[in-house]
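Both of the next two complexes hold subunit A, though its partner changes from subunit B to subunit C.
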Partner chain A sequence: MLKKIPKWNVVLLTTLLAEIIIFGLINPRFWNINILLNSFNDFVGIAIIAFFVTFVIITGGIDISGGSIIGLTSVVTGLLAQVYGLNIWVAALLAVLVGGLCGLLNGILIAYSKVQAMVITLGGMLLYSGIALVLVGFSGASTYEGISGFSQEFINLANGNLLGIPHSVIVFVVMLLIAYVLLHWTRYGRYIYLTGINQNSAEYSGINTRKIITSTYVLSGLSAGIAGIILTSYLGSSRADFGAEYLMPILTAVVLGGTLITGGKGGVVGTALASIIIGFLKLGLQMGGVQTQYIGLATGMLLIISVAFMGGQKFKLNVRRLLNLKKDRGGNLNA
Partner chain B sequence: MAHIKEVKDMSKVKSMTKQREFRTLVFLVLLFVIVGLVNADFISSGNILNATKNSLLYIVLAVGMTFVLLTGEIDISIGAVLGLSASVSGVILRDGGSIFLAVIIAIMIGGVIGLINGLGVTKLKISSFIMTLGMLEIVRVTQVMFTNGKWVENLPENFKHISRMNMFGINVLTIIVILAVILIHFYLSNSRKGRYFAAIGDNEDGAVLIGIPVNRYKVIAFVISGVLASIAGLIFASQIGFISTTAGLGIEMTVIAAAVLGGVSLRGGIGSVIGAAIGAIIMSSINSALVFLKVPAFWNSAISGSLLIIIVVADALIARRANNRTRKERLNARILNYKEEV
Partner chain C sequence: MRKSKFFKVFTGLAISTMLLAACNSKDAGSSTDGEKGKKDARDIDVVFIPKMTGNAFFESGNDGAQEMAKKIGFRVKYDGAPEGTVANQVQIINSAVNSGADAIAISSVSSDGLNQALQKALDAGIKVVTWDSDVDPKYRSAYINQGTPDILGAMLVDMAAGQLENPNEPQQVAWFYSSPTVPDQNSWVDYAEKYIAEKYPNWEIVTKQFGEGNEQVSLQKGESILHTYPDIDVIICPDSTALPAMAQAAQNKGLNKEDVVITGFASPNSMRQYLENGTIENHGLWDVKDQGALAVYIAYHLAQGNELKVGGTVDVPELGEVKVEPNTVQGYDYEAEDSGIIVLPERIVFTKENTNDYDF
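Moving on, here comes the complex of A and B:
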């Protein structure tokens, strides 16, 4: 049974436990379970996008437009509910669908025109955040203050709790379960891995890889839409620049979670653990008295070091080679 | 026979890359003409010079990015390098240091960060996207630590004057940058070592087999990108006159978009610095074009995003169709030859 758990996930779990112990020793308040559970609010958006960006990266693509889809869905919700007077839940549902449409556009362009995913989602990133700004511009709302005045029920979506467990934790777990079942228990999940390992051979074995690739972007767009709704509810207002700084943490969570950036290998459990690690790291550093603006240093280092380690056993070899740089003239085929 | 065909194919590929830059240039001209039809002030020589001057920053960054993209890697950290070197040299200048010292320090900062990026990518085998993304965050925090989160202001007048100097009515920096772009273009397209960059990106294993020191040239590409990013930081400081903590925030995405618009492929091996420079002018001109068209500024990002997608997808479709046609021609030729032989 133990053998079935990937090694990297064990490493992540150990890191997480070590983190909780160390930060708790620095500031005992860190061990307060309520504070830990409530801190999920700060990274649940990052985590649920990261789950489905994991899908995208396993197929060998990349999706950097998630952050701007958050802003777009947030604005769409705000406009539909507050300016056009639609029922808030209908508005939220429509906004999630808009997120899915954005993902669909990304996916179709990537799968059928075979342009690099990075370029298309970069264009998408500019486009979707641009559309959000345009919508705000037309509605006449102030870009800075955004649209606020949501009903208490909607605010409760992210801020309430069920039997003492914050809603954000529940959303986290539910989305994790959905992603886990899709990726690891269904045929669809196997197809995603196959597409990432070798698209041509997947194509020859009768898998419609284009459809698979498109669907992963749709899922990623939908999850970004859900994250947008949660963030809007959590902060109680909708603004176009929500999620603008999410690009880095999302990719950090996916990559730290053990998913290969070149595709074909990875899993959502790792992503979930990694996003909790990053979230708790931020919380712990803040509680330890580190200013918020310095936390990027820690996450940046974490990203680089973890990827360097995941190079596997080659890491030691690589470090040794780095040390005697002069001997290596570069270009070893077996490197 | 096969040899001749190869040569023919080579010239075909060559003419196609030329077409790509040509298409970008046509697009730039069209942009100016169309906006000029609506508002004639836009195509006045004064405004065109102004537009070039405003895009200098992007051109310099895009040239550096092209080096890295040609080798098949990517450099996300340039925005932070720009910010850090601009604020360090800004502080030196503000505290009465010489311009020479400030320039040297800035270039060293860019070079060292580029070197770290390059070594991480080639020696530790970290994917360049991840490596430079992490570096972006680290360098940005370093800048905040260095400046204590404050703006660097009160730069000396003689430094700010550099960006305003004119020669024959044209900005001196513009002339220098344009000449440099042309020189670099000839280096990359005609010199033996310059061609290494594209060769590595086109086929890395092949480049190794013919004896190109692949890792060294990748590191060099990252160092060049870092150094050019810090030069862009100096230009930024000189043109704007102060450095905020968010200087260059998100500029890397605009620069990648500019390079891609100019026909540089993210897969590596294809592209030229002239194309990237034209792409950079387009990206920065969209801004001022909107002002002249009296379109509200909030349209900016939506328009540049959709332009990027449309142009890149259209280009890919055109290229694929051309590829299919050549493949068909080759196939037909082979069949005809075979029949003749029989």
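Moving on, here comes the complex of A and C:
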């Protein structure tokens, strides 16, 4: 069953290469490696969260609160560092932990109360962005302006580069490796799959599925916290509305990456490839002269087409039948 | 098995990126060479960035920008996201840099959130012009200003005073705009209060309310002003969301221009119905089409390799000669030879008589 996923990764990789070639033909500047690497800045937050939302979705759940956890951690960082004068790195660490706590709350409620994950994380989404707005009020800044004035060191966290490679790319790779090792090389990762395939049988075979489920939400919350820090550094200010528009891109990356929305099947490599595909698609279309407001259209089409191909067995069968029909006709004509 | 597959994909990616890197270093070099020297109008790309798309004010700005571009022959790409967030604007600036634009003209959603992105644009040799809403003057060459705080502050007070029978008598005045920290509106109100203290010392400011740029919140705040201060004489709303909401609140309560004077800044299309049904007497704004046109023209002018000198003038087709003023007119401390403010030559007071002459 799992064998199918790597095949999907090949499809994704081909799509990515095709994308790079096509957009490069439209605007040759797209082939500038610096431009491609720097564009990671604009989707690294989405990708980091998507890696760990992949875990959640494999267990059969869903987490839509990631975007508002970004806003919350951003505000917490700004508040602690700029208003209460804490060391910026301590503030950032605490903020990531706050993200983890948000995830823990989601996870406990979902695993132990058996309410649907969508409902709980929807509530979480509204709750956390509400808290973020209230906290901005404490800082004396309006929600309009946010808290700014961070040190250059902190700004460099997302804007700097190491040996010519932007930090955002490094963060992307490190988070991908962590997620990959956790999911594919450890027993914990196998438990996540087993929980998603059939929670009851996993429970009977001695896995504490509730703990597993809770832990995936904690990871997802922590990753949203990290994304919040990166975004705060990248944009040089902390605002409650950061990440508000990330919800759909995160889910798109996970689903396009080949993770089954009903759980039990998927992987982070696919998610990583898909988030790069979506990021480059946006960049490439913009560089090709398409207005930003129409880019959602392209992403939407990509998602629908790919999911139809990937998930719908019936769809696949029908397409095959259609193709065979054509072949038969061709054959007959030749004969 | 799976491990090896992962690494295959990984190395595949790595190799392909390296290949790309190798075949491109040449291109990047030659394109920067081409940027020196004067360019033909047809080769100049200006990216015109609104706070958000789908808002009448910014769409009108774009109409003006496109007309100007057509006339001169350069290209203007209108690029904004439906949600006016910092992250979206940064992404749009980045892609403008990446795609090799020559200049950008932006109405910023944040006074400091774009700094990093703008610095990258400047480093890449792109000219930065702001319009409508400014950024830190260090990061742009020119700000196309709808009016300095003293012009607009005095205009707000005069629009209200002109409707009063006895402007020198005591009046209860309320301010109603978007937020206590938004830079432009607060600077107008600050000056307007000084102006009131000098010219109409009997006026009393009873309250300041903020609608957060949100239509629903603005309507509620507007209604609460009328409930809390039944004797209010003047409500001034220098915000394009607050003013229509205030007028609607007055209309809902059955008040008209005889009962309370409501004025402020908003686009004529959003206020026409209130002028025509007598809820308000007048309101003001600048011609946003001219502002858009001026912004892209200055961007184009700079991209051609022309310098902008503080104190100098620029001849703009259709709009005439405009003067580059120092940043201090807007109250900034930062002063530099190549960073200035261009104030739109005129602002408009809309009344029942002339509102139909404008469409924005």
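Convention: the second predicted complex is superposed on the first by the 308 of 335 C-alpha atoms of A that agree within 3 Å, B and C clash if a C-alpha of one lies under 4 Å from a C-alpha of the other, contacts with A are read in each partner's own complex, and residues count from 1 in each chain.
The definition used in the following text is that a contact is a pair of C-beta atoms (placed from the backbone, for glycine too) under 8 Å apart; a residue touches a chain by one contact, two chains touch by 3 or more.
Remember, it's a predicted structure, so these values are computed and weren't measured experimentally.
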First (subunit B), second (subunit C), both or neither touched by A:224: neither
Which superposed partner A:96 touches (first subunit B, second subunit C, both, neither): neither
Subunit B versus subunit C as contact partner of A:293, first or second or both or neither: both
Which of subunit B and subunit C A:183 touches, first, second, both or neither: neither
Partner chain(s) touched by A:281 [first = subunit B, second = subunit C, both, neither]: neither
Which superposed partner A:72 touches (first subunit B, second subunit C, both, neither): neither
Which of subunit B and subunit C A:126 touches, first, second, both or neither: first
First (subunit B), second (subunit C), both or neither touched by A:248: first
First (subunit B), second (subunit C), both or neither touched by A:175: neither
Interface residues of subunit A shared between complexes with subunit B and subunit C: 143, 293
Contact footprint of subunit C on subunit A as seen in their complex: 2, 6, 9-10, 13, 17, 20, 27-39, 41-42, 141-146, 148, 155, 159, 180, 184-185, 231, 234-237, 239, 241-245, 269, 273, 282-283, 286-287, 289, 291-293
Subunit A residues within the subunit B interface of the complex: 62, 109, 113-116, 118-120, 122-131, 133-134, 136-137, 143, 248, 251-252, 255, 261-262, 293-297, 299-301, 303-304, 307-308, 311, 314-315, 318-319, 321-322, 325, 328-333, 335
Interface residues, subunit B side, partner subunit A - complex: 74, 119-120, 122-127, 129-131, 133-138, 140-142, 144-145, 149, 205, 207-209, 211-217, 253, 256-257, 260, 265-267, 296, 298-306, 308-309, 312-313, 316-317, 320
Partner subunit A, residues of subunit C touching it in the complex: 2-3, 5-6, 9, 12-13, 16-17, 20-21, 23-24, 27-28, 31, 53-54, 77-83, 85-88, 90-92, 94-95, 98-100, 110-113, 115-116, 178-182, 212-213
